[in-house]
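Got some structures for you, see below.
Here subunit A shows up in two complexes: once beside subunit B, once beside subunit C.
Presenting the complex of A and B:
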């Protein structure tokens, strides 16, 4: 789209051949980055699609064309259906919880108060740490026998001595969702802080002059002005959380009894534990389509905002 | 109490539940890493160790091959930072300074590479590196990480380049400097802080990556730090949390300090990525 649009100024000034030639030479600057990502990202996309419609043995050798057979196998697998349902819960709960917590946190962090930069640093801290490490430490924190969560709760006089948090699927999944929320907060707060600083102070001043209370300026100015940032935060978080792998993989490995499996852990197990590379590829393609849908939605939203801003 | 002091107290109070949850794992790591093994498996656990014990760290490096894992991680993170800078620098320069056909398409393309997560393509990635004979090759991770973290580097660098006035380079051309010379002598030195921050982010991202490293490096001696630590839990019949917490402390604290010092620059990169 953007390529074909020419501004009147450009159209009235025809480009000379030499100039177009130089512009084409400038492609050299972006070529290495395109080649690198086409190889590392583009080729695997092609491979996944090819395997999804092929009969592949466990050593990765393609034995023939399978058509939609792998997709049928995927849809007939009750664990796939269960994982899809759990993915939905996981994504909605993590993204919803993240946004609900991140809004007030961002609003507080946007206030002028003593020690604000320290508070910001602590809030953003989980971003700096590998998800794998975070998951591992939390797995120990909630350990029934030696974990520090039960230690702290017991010290507070609560009856949680030796409570095995990861033993049942419901409780394990809840813990994982909470950890998922914790690690998604930094990114989301950063987006909201960007949104809050873009709201002109004059709006609040005018509202205050008209006698608006702090609550009114929050609900009538701040929240409506944050709306576009909210939409973007939701879509980006859905994209990231939907295929977030390390937390569940390290804390419960999808167990007990597949009770915490989501699509990505399902794919990983199919491929690298059961050697069903074709089924894994078919499930990957399905995930990829969902991601593509959200990506298009995101592109559409940012374009729309860009157009509105011009 | 002044108004600001009162407001500060309220703000800290409001944030306190989240801050406690964020800091809780660090208290756990510290408390556990400094304990002897038998102290963890006591019936009555405590926060403070009986005495400060550093043996876990020694054990980690002497007998668990953790030094090797750190070196693997360092190699990959340095390599990925260098490769992604090598391709992102010219791309960001072109986006900021030059007329390039298809600029808009390239921008969308970069965004799309950021929205695709490596884990969805993991089966295809494994096959790609198997074809290239690069399973169990640290360089596979260098290229994989640089490809997935390149787009963010381009955005960060471009946001920096955009802040440098064009007049400076033009003045250098007027004085007879060639384009390349003015790039090297005028432009590049001014961008060094931006390049440094971008490198650090790429480094931290690569250092923390788990899924691709887990899948492509299948040999124990080639594992990166996060993968190695996660493996320590599975391979022993009795999970030695004291060793594992010591390892997480070593692998996270330096990176967290680096990250904390550069976090304010994050917003720049995000803003060009179309977020802001």
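Presenting the complex of A and C:
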């Protein structure tokens, strides 16, 4: 009995020694980037957290310890509450819309048809354009006085001459969400295409032999097998969309009357329009916590997938 | 269960023709094995029967109904794939139940069918497992179970055993044979392994370069291969071949030469004196005896398999493999005597490869 207990331990000792050595080598290799990350990402996070619990003047000078006072101010600000609610709508609508459109687009782009590579390029093209440029172009398109959208609608005989799309919060926010969906599609389609190519063709052949129609293959083979990719697409998109600044800032500045403000534009305004760096820092910390939650969820999901893959 | 009739079946990919007018009749409950080297078109033919490949020309009839334009979903055939193609997100039970649930069968009926199949294939303890936690042999069984539960018109097997190790392959081969005997299902089985073909088949279809070389029972193919290709493909170790010119002696009996020594050829061959023929002799049909110094052949290599001894020899510059059950005391470099018996010879036309005797 003792023999059997000691033997594996002895056998594994040199192996674990080699593993420690290998881990050490790995650590040395990633050390430079870890240090770089700590300086570039870690230091600002630390500084923001310090400001969040301090009394800070508009030039960034810390005047004293504030405790949770800044957080109280944030929660008492009705615009923060409104922005939080709008952030929820923004995130759910953009991510939901993106995923709903990206799945069929990816499935179509995965089919073998004439001109597929051209279609793929067109779908992925918005990725190559900066968010700020895309937002700027769409601001021009929906401009009430000289926008091409109103021109097109008017020429179709519809009563949209000089319709001010960005003047009301509802229509402005809708348009921003649509632009948000448009720019998120390429990345999401890429994730789904990766997922679709990982499904072996023989599975569809087996399903056909089993009597499955194309629709049944889609609902019972393709979609279930896309699920891990769907989860990852949702979490990653939530992380990106939640604090996506350029679209809203460029198209409406969060207006009219804070009607399209989300947390990131709220923080920006608090800091750089109103000079309340401490309140902005406190709101930033809250956002950081939300995103941290999603990041942990993402890590957990990718780990689980890796373990399942073994 | 049902019969399959293939008439002048052709397959082309663009301008490349891969199957050239295949004719084949598969009777009800028959186990037919398509065998041939890689690229001979055997898998393509099977996939055309399945409906996974379009038929370029010719006709496919199942139970007398033309199936050319019928989708695989409606042909009611079951297929076992080389990769097994199990649905990774479904349990063993769900994999087997998939086709039945697509048909809208009642839950109790599905459970009964899956239970029956699981019992036959010894999978009862694994029904709730996912395919990834099964061994290769178990996955293979699930793939078979998925086919069995449906009671299809015919089973199609596409090299189902080639991903298994040698021992498991032999075992599963026997299981497939027993399964066929108990279910009596029409089966078409593709393999490149001639042992698998010989052991499983009621009839073997030997294919080469998109054509059928010969159709026959395993022993017909072994005893009277119709072409040189079939002779070389069926049997292990492979048949020995040597080329020679047909000559007639004073009594008008045909013979040829290996090096300087004359070798009698079978009588009644369809060939003229002077024709160049290829003579085939199975390794088991060349008696070998140890010789002191006057042997006609020299041993190059000795392979012991326990039951048999394989000798790789050279005779007049020609390689021969000889298999014997005698425990010969010979080593590489020793001289031995080979005898050639014209009754065991397979003679082929060297140009056309067609059998002459």
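Simple rule for what comes next: the second predicted complex is superposed on the first by the 282 of 310 C-alpha atoms of A that agree within 3 Å, B and C clash if a C-alpha of one lies under 4 Å from a C-alpha of the other, contacts with A are read in each partner's own complex, and residues count from 1 in each chain.
As a working rule, contacts are C-beta pairs under 8 Å (C-beta built on N, C-alpha and C of every residue); 3 or more make two chains touch, one makes a residue touch a chain.
Values in this document were obtained by computation on a predicted structure and should not be read as measured data.
Engineer: Consider subunit A as the common anchor and indicate whether subunit B and subunit C clash or fit when overlaid.
Structural biologist: Once subunit A is superposed (C-alpha atoms), there is room for both subunit B and subunit C without a clash.
Engineer: Identify the partner contact of A:216: answer first if only subunit B is touched, second if only subunit C is, both if each is, neither if none is.
Structural biologist: second
Engineer: Between subunit B (first) and subunit C (second), which, if any, makes contact with A:137: first, second, both or neither?
Structural biologist: After superposition on chain A, A:137 lies in contact with subunit B alone.
Engineer: Quick check for you: in the superposed arrangement, does A:224 touch first (subunit B), second (subunit C), both or neither?
Structural biologist: In the superposed model, A:224 contacts subunit C only, not subunit B.
Engineer: If you tally the residues of subunit A touched by each partner, is the higher count for subunit B or for subunit C?
Structural biologist: B
Engineer: On the A-aligned overlay, A:76 touches which partner chain: subunit B = first, subunit C = second, or both, or neither?
Structural biologist: neither
Engineer: Touch check for A:206: first (subunit B), second (subunit C), both, or neither?
Structural biologist: Second partner only.
Engineer: Once you lay one complex on the other using chain A, what is the shortest C-alpha distance from subunit B to subunit C, in Å?
Structural biologist: 12
Engineer: Identify the overlap between the subunit B-contacting and the subunit C-contacting residues of subunit A.
Structural biologist: In subunit A, no position sits in both the subunit B and subunit C interfaces.
Engineer: Could you please specify the touching residues of subunit B with respect to subunit A in the complex?
Structural biologist: 4-5, 7-8, 11-12, 14-15, 18-19, 21-25, 27-29, 31-32, 40-41, 45-47, 83, 86-88, 90-91, 93-95, 98-106, 108-113, 115-117, 119-128, 130, 143-144, 146-148, 150-151, 154, 204, 207-211, 215, 226-227, 229-230, 233, 241, 244-245, 248, 251-252, 255-256, 258-260, 263, 266-267, 270-271, 274-276
Engineer: Of all residues in subunit A, which touch subunit C in the complex?
Structural biologist: Residues 200, 202-203, 205-213, 216, 220-221, 224-225, 227, 308.
Engineer: Along subunit A, where are the residues that touch subunit B in the complex?
Structural biologist: 1-3, 22-24, 26-30, 32-34, 36-37, 39-41, 43-48, 51, 60, 101, 104-105, 108-109, 111-116, 119-134, 136-141, 143, 145-146, 148-149, 151-152, 182, 185, 190-191, 193-195, 198, 229, 232, 236, 239-240, 243, 245-246, 250, 264, 267-268, 271-272, 277, 280-281, 284, 287-288, 291, 294-295, 298-299, 302, 306
Engineer: Applying the document's contact rule, which stretches of subunit C touch subunit A when the two form their complex?
Structural biologist: 50-52, 71-74, 77-79, 81, 83, 85-89, 98-99, 102-103, 132, 146, 150
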